[in-house]
Structure formats: structure tokens, C-alpha cells
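Each chain carries a letter (A, B, C and D) given by its place in the written order, and its residues are counted from 1.
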């Protein structure tokens, strides 16, 4: 099958950019939806020894056949394929995540704020919700304990907030020292991969010093700094090393489209 | 051994707290609860699933404690009821609900987890919002217990966040197999199931297969809850349809589209419930109706074709 | 994959807290700890077992937190050391130590259990007796943290008894099988093993068999701790001798009588350790010496002859 | 094999009397040593549907072959035989016992006191121990949560104390209301089976009312009330319905001697 490399979507680039943040050999807790697809792409592409774990209990999915699409849900039965351990949520969220053994996480969210806090609860307020969302699932559990959080969501003004409408998942909270004051361990370096770019956060030590603000690190091909800034409601910090991200390789695109099984996963704007 | 009808009649009461989890849903028991018109249940689970949407339409469920509304918000009726307070709730997480069930199962009054430190869950307006479960948390002296609380650890003085134990009145679940004594065996991703069952006063289980005790006893590691803990075991093939069952069948992804089981509109929900729940006597009737309407093939196509064989079976042995 | 020598050299340090539990004892690693002369370990387990007696003779272990001294009091040296304070300890129970390990594994600061309500464990003279572990519980400000504490529940005001989490530095265990990545599989009565391993910073595992990942993956329900949690996996046939291993061999009940492994006297203990521990290079050497001394038959007779076959094997499947 | 019914020992009678307290159909947590033997005898003899559980995780041992002796330890591998569930200590002591699902328990102890508290810790005091004992194992966990505790030990003066040297396991504590005041649920009717007799406790409602004292209920054949009273250091309460216990039946003795495998278990006076 020949792939037209010019014809990839920004949603596809988001999944690929997310996958590129996942490192080989690390243990990773993967959230439902696009994160499952991104992490599966990473596992097939450059991180075969990443421990791919989901919160319902399967630890270290290794697809034994490349015929199947990526798992859809965090309790997808196919996650048993090749897995090292078939546990439950006490094992996966309790021992693996809260116990401190998950080195990274891939999560989706409806909103992220300037300090990397995630929102999967609602738009608006509890008393006057614009929209109620499904809730945190395991995101709050993960934000409290996992070292390195990779979040992924389309770049849209309603999703990027100076302060999230509801902080379900602690990032750097209110800035430097926020995590320590709340009683949480350091976290980072966190990333947020979007449909236009990848952000990092301005803290060298996981939330103790630096501004802890979101920093633009990589632009996708064809996206301008202005286009990103227009979408973000605060004056965005830009990395001194801002560069363009490489476009998808043929291998990435072929794998992604196979794993996506005809578009079951790529549902940008679903929230 | 009894029927789903008898089990629900005997063990599910108006106002009960009901565990129905995450991963292996008993639609057989769900539909029976709807048929019998049980009212005012509180549903608890790490994630509540579309069967809870169904049970909310006629008020079988009107209160929820969960970490995730899985698929339920696709239902406009459900969204509406959350907005106008016909459904009340407090929010937790997948882990904290699972640990609360575990605490209930282990006889502990509460359990510790960091999850809400540094988040808006700790705001008064989150804990006691106008549609929250304040009333359920009323103490004898009239004060309202918090849904979770921060204390200083008596050991090192650091902040610790406590969550109260959950002890549901009744649990419903579908499992791969059980014996007549009610020893329940499950495999595949387990989520919160084990502790949902251990924490509940009465456990109602539908089983895809009923097997002799000797089958259980030669693989005792698959048992998640023993028979003395189980109030009713019911043989229900396809008991989790339209959801799936590891090793037996995949989820029926066409079902909601074909029938309106997604509860997306009031009208569609009404029609689905009237035809497929109230309009069938029991789960066997529901499956018979499915076959009559859509043909046996559609159901048969859901069956898992390849199953996994142990490469070097573990062997117990003692002499 | 490494040798027991390398694993102990790299991961066991003087003064460490070490989990060595209950049911599947790694005598291979125990003997290596003694050979390397590690000092001042604190042993924790639901029940501590005779390998802890051995490790106490030369001061490898000098502190204990446990619910039960299993067989260790048959040793006069051990009794003596408990009396004169060479061994210090605090008493818990099988359950409370298991829950403390679970709390450590789950990242909780403490966990709740009723066990000591109404008992003399709550007396000051029990918690802080003269040979207790007060020093280990010293806070930064010089005060002594209690070994467990009663608080009023913030939810219902009732008494709740809290036990602090245990997070050992290192765990040693023998298992039926593991793969090279360190995925550890165990079957049979499990006691506190799983949480002993999850709670420990470094996990050292001897395995009766090393199997390919595919063997693990076709029976993933036997895995109690995954490879990313394991620091060293070591292939050691007969690694739990003289204790037993479900499915492989029975405990060697003659051993203590034949050799003095029971540590009943100082002299006997010294002779046993000199000959069978210091006098062997590694566990393979120990087993070779056993065979040379007593003949292969004595060891072979311990092998389990009948093993249990699943009557109707559970099948995972997803498509 | 012909059994001489006159030639049974008091230790054998103790095991048999203990077994007779175990009811068919109930769920029972069984402690190590003589309790394992007593409960095994009950299971073989009159309680085939008793759920025989031990604290290391095997729930509901059903011996599939009568060739084997009774289990010796609570983690005996043979407990897997025919079992309904192979769990761990969290399942067995946590969910089964502390969760309130164990209806009865069979326990040994070094001492029992007037109010049914058990001691497995020491004789003497911590600072001046006459003898240090192995500790509580699961007994304290069980005493806190199990409805009906059947204890078993030889009738010896050093074992029967006005107040146990150390209360490891709560019985009725200091008398009526003691359990409620300590924060524990009611317990009873408890029994203590010895080498001379069986005791009950004077409380109708598990520790709220009555004196909660030990009461002599059954004398073994050939034992006099005086012999028992001489051994007990306080003025013993005697049931109005005091009767003699039936001697062992042939079936009981044959089963017991088979299960005991040549005297591995019957170790009266071991503490």
C-alpha cells in the first residue's frame, strides 16, 4: 500500500507526536481513547520494550499478532494478549500507579491550564455547567503519583485555559511549590501534544522552581507561532529552542492507520 | 441456584446501594431490576456503565458514586436528569472507588489515597454541590459527613486523604463460570469486580456456564469470591450481552444502533425498554427475541473464535 | 538474570529492612546474605520463618516486626537474643503486617484494622518495651512515633486503629517460575507474598524454573509482580530447600535433625552455618553437597509425584 | 483395624470435643496445629459442608482423597486440594475474617482467662518474661471480628488465669460491655475445649449482658468437677445443665488417628 505523506490530518499528527513522547523501556499507564492508540503506535514503532499498562489490570500488553487494531478501552479484552500480568484495578492504579512504579502516563483531557492541570469533569461550574463530562476515571489518581505525564488533546481555545474550569488532575497546580504544598511528589518533565504543536513546562525539577508554565517547544509542519498564540488565552511562553517537529514518516502513518482500524479511535473534538 | 427473577425479588430492595461494575456487566440482572420496577437505587462502581443509564430512565437508579460515567452521557435523558437533580451524585475516581470497595470488603472504616490532593475535588462546592449526595451523608446529629477528608497522619504528621468504605447492599455481576455453591470464577481484566463483590452484603451472579465443583477446584486461582459470600447464582448464557465476556463473546457494537439501547433520546429509550426489557419475560426471552429478529448468525458472529492455550500449564501438587 | 551472589552484593545493604515471607522462602538468598556478612537487617513478614533464625545468629538480622515467630523460638540462641536485646522487635499480627505491606505497595501512609482493640497490644509497655523498636520510630523532632495509633474517624466519629505502611528496602522470595524480565509466577497458598514484593524497593527472586515470556503470557493470572518491579531474577533449582514449593517438592522435615539447621543450640548453629552455608560457595554447591552427603535419593524423594490437572481449562479469548 | 475405645487419651478427647463444636455448613477460620486437626475431624465426621479456611489463603479445603493426613500448617500445600479459592492473606484474614464472613474460628492458645481473652504472647511480662511465645499469628485479627470462637488447650493451671498474662485476642475483655466499649462487635457463644471438659461463657448476647465469665458445661468421662475446679484459680461457674460428654465413638477415634498421621499433631503441652 502506498501512502500519501502529504495527506495526513492534524489529528493523525497529534497521535504521532504523542507517541513520540513515549520512551522505550519505561513503564507507562495509558488512558482510554487516543492515548491507547498513541501508546500502541509507540510500542509498534520505537518502544517495543515500553511496559504498556492500563488501569483495569492488564500489565504489559505485547501484541502477539499485528493483525489486530489497537485496544479501544482500558478494559479491552485484547489487552490480555501477551501480557505479563492479569491483575485488577488495585494492582494497576493502586500498586503500579499510586505505589510509584509507573514512570509515565498518556492521558487525554477536555482542558489543560497554564500550569498543566487537567480537567475531565465539566465545562462551566457544578451549579451552572455548560457541559458535564464523564469524570476523571483514573486521571486524578495518575496525576497525583506518576512522574511524567503526557497529555494529548486538540488545540482549541475552549480547551486551553488560564485556569481549568475544574482541576481534576494535579499538574503544577498554582505554579512553583504547588505540588509540594499540596503534599504531592514532583512531576515532570510533562508534555502536552496537540493538533498543532507540543508543549513542555518551564520547570527543571518537577515543580519546585521555574515558572511551571506551559512552554511551546515544537510546532507541527505548516503551523505558525501566531496560530498557536491566537488559540491560547494567555501570553504563551516560547522555548528558546523552538523547532518544527518532523512530519510523520511513512512507517508511522502506515502503522497508525492500521492500528486505528478505519478511524475508530481518531475522534478529535469528541469532548 | 435460582432464576434472575427470584434473585432480584428476594435480594434487591428500593433504596439499596448497588454495585455493578466496570467490566463484566450482568445485563440479565439489570433488565430484571428494570422489569421489577425497583426504585431509588444508588449505583456505585469505579466506572458506571450503560446499564446504569438504562436503570436511570424509570428511576431505578437515582444516585451515583463513581469515578467515570462510561458511555452514560451519550444519553440525553441521563444528561437531563443529572442537570435537574433527578439523578444525584458525588465524584470519585476509578482507584478511590475501587479502594473504597476494598475497604468495605476488608471491614475497614476508611482508606487512604492521594488522588485529590491539589485538585478542585477538595472544594466545598464540589463535595456538597446542590445535586450531591449530602442527604445520604447525614449523621445522627444532623451534620453532614464529608465525602472524603484530610487529616494529619499520627505517624509522621503529613497530610493524608481518607475515603470512607463502601458497603453496597447488593452486587450484580456476570461471570465466565460458577458452580452451584456460588464459587465465582473470572478471567481477563478485572477492574473493581473482586472488591465490588466482597464488599456487598448480597452478591447476585449470573454465570455463562455452571460447572461442577471439581472444575473450580482444579483451577482455584480463578475464583474471585467463594460461595459462602454469594446469595444467588443464576445460569444465564449470553448474560452480559450486549457487552462482551472474555473467552466467550465480543461486545455487540451494532446493538445500540439497531435497537436504541444507547438511550440517546427519551423516545428511543422508552421504545427500547418497552420492547426489549418489559417486552421480554427474562434473559432467555431477550436472547430468543434477538435471534428471531436478527437471525442467529448475528449473535453467533460475536462468539470468540480463537482462544488462548497455556503453553506450559502450571501444576499444583503437594505429595 | 544474575547470580545470587551478585544480587545480594548489589541490592542488600547493612541496616536494610528486608521482607522474607511466610510461605515461599528463598534459602538460596538467605544463605548468600549470611555468606556476605550483611549486618543489622530488620526482618518483616506476617510470620517470620526459620531462615530468619539463621540470619540472626551472626547479627545479619537484629530487628523484627512480625505477627508470628514461626519455628524461630525452637532456637535457644534466638530466645537468648530476644531476652538480652541483641534482637529487638515489635509485635503485630499476620493480617496487620500483610496490610501494612499492602499499604506500602499501594503508596498509602497507613491502613486501618481492628485487630488490637480490646487487647494488651495497646498498652504503652507493649508498644515501647525495653527491647522494642523505639529507635527506628524516632521522628525528626526526637519524639517517638507509635507503632500503631487510635484516632476518631472523621466520617462517623468511631474509633479507628491505624497501622503505618511498611516499605522494606529489599524483598527476597523463591517462586515456581519467572522469565528473564522478572515476571514472577506463584501458585498455592500465598499469604503475604504479593504485597511483600510490591512494597519493597528492590525485589530479589530465585526461581525454580526460568521460562520464556510466552509461558508467562498464556497464564498471566499467576503473575504476582511484573518484571519492571523486580531487581534481580536468579535461576535456582531447589532454591527454597529445606522448605517446600507447591507443585515441585515437599519440605525436608528430616533436614534440621540431620544437620542442626534448626539452630537449637549455639554450637549446633555454628556447625551448621560453617558447614552448609559458609562451607558452600552457592546454592548449587549446597545442593551438590547434600547429594554427596546423603545421596540423590533423599532429595529426589521430596519431589511431588502427583500434580493437579485442570479439569476444564479456562480459556482467554478476544476475537 | 479394631479400636480399643477404652484406650483413648485426654488429648484425643480434647480434639474430638473441639471438633464437636464445629457445625456443618458454617464458614470457619482454622488456626495452626490442633485446630487444623480438630476441624479436619469435624469435616470428615459430621460437617462435610463446613467451609474450612486458613489464613494463608486457601478457602474451603475439601480433601479429595482420604489417604492424606490433616494439614499441619496454615499454609500447608495440601490445603489446595479441592479448594474453592486460592487467595492470599488479604483475602483470608482481610476479606473473610475482618470483613465479617467467618462464622466461627478454631484457635489454640497458651492461656485463656476468666472472660475468654486468649494469650499467645508470653508468660510473665514483657520486661520479665518467664517464657516468650511465638505471638498471635492471626488470633488477634480473628478475635476482633469472628462471631463464634472455639478455643482449645489442655486444662492446666498455668493456662487458666483470672487475667491472661497478656491479652493478645479479645474475648469479652473485662466483662459485660467490654467489647462494645473497645469498639468491637459482639462475639459468641464462645467455647473452650480442654483435656477435661468444655467451657461456655455466661452471656446470652455475645458480651453485652450476663457475667461473661467462663462456665463449665460438659465434663469428660471420668473427670470430676473437683478435678476441674482445682486447676482453675478462681471460683468456677458451673452450668445448671452440666452433663458428661459422650466418649469418642469408634468412627471418631479411627478418623482422628488416621488424620493425625502417627501423632504429628497431638502435642498437648507444647506451649
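As a convention for this text, a residue touches a chain if its C-beta (ideal position, glycine included) is under 8 Å from a C-beta of that chain, and two chains touch if they have at least 3 such contacts.
Given the structure is predicted, the values throughout are model-derived calculations rather than measurements.
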item: Chains contacting each of chain A and chain B, listed by label; value: C
item: Between A-C and C-D, the pair with more C-beta contacts; value: C-D
item: Distance between the centres, which are taken as Cα means, of chain C and chain B, whole angstrom; value: 37
item: Inter-centroid spacing, chain D versus chain C (mean Cα positions, whole Å); value: 28
item: Centre-of-Cα separation between chain C and chain A, whole angstrom; value: 39
item: CA centroid of chain A to CA centroid of chain D, Å; value: 57
item: Residues of chain B touching at least two other chains; value: 99, 106-108, 113-114, 158, 187-188, 214, 221, 246, 250, 308, 316-319
item: Multi-partner residues of chain D (each touching 2 or more other chains); value: 58, 76-77, 80, 86-87, 90, 94, 98, 145
item: Every chain pair meeting the contact rule; value: A-B, A-C, B-C, B-D, C-D
item: Residue ranges of chain C in contact with chain D within the complex; value: 22-23, 46-47, 66-70, 72-73, 79, 82-83, 91, 93-96, 98-99, 102, 113-121, 125-126, 129-130, 158-159, 187-195, 244, 246, 250, 308
item: Touching residues on chain B, where the partner in the complex is chain C; value: 99, 103, 106-114, 139, 145-146, 149, 151, 153-158, 160, 162, 164, 176-177, 185, 187-188, 211-212, 214-215, 218-219, 221-222, 246-248, 250, 304-319
item: Contact set on chain D toward chain B in their complex; value: 27, 51, 58-60, 62, 64, 68, 76-78, 80-87, 90, 94-95, 98-101, 145
item: Interface residues, chain B side, partner chain D - complex; value: 104-108, 181, 183, 198-199, 213-214, 216-217, 220-221, 223-229, 316-319
item: Residue ranges of chain A in contact with chain B within the complex; value: 54-58, 74-77, 79-80, 86-90, 93-94, 97-98, 117, 121, 125-127, 129, 132-141, 143-145, 166-170, 173, 178-179, 182-184
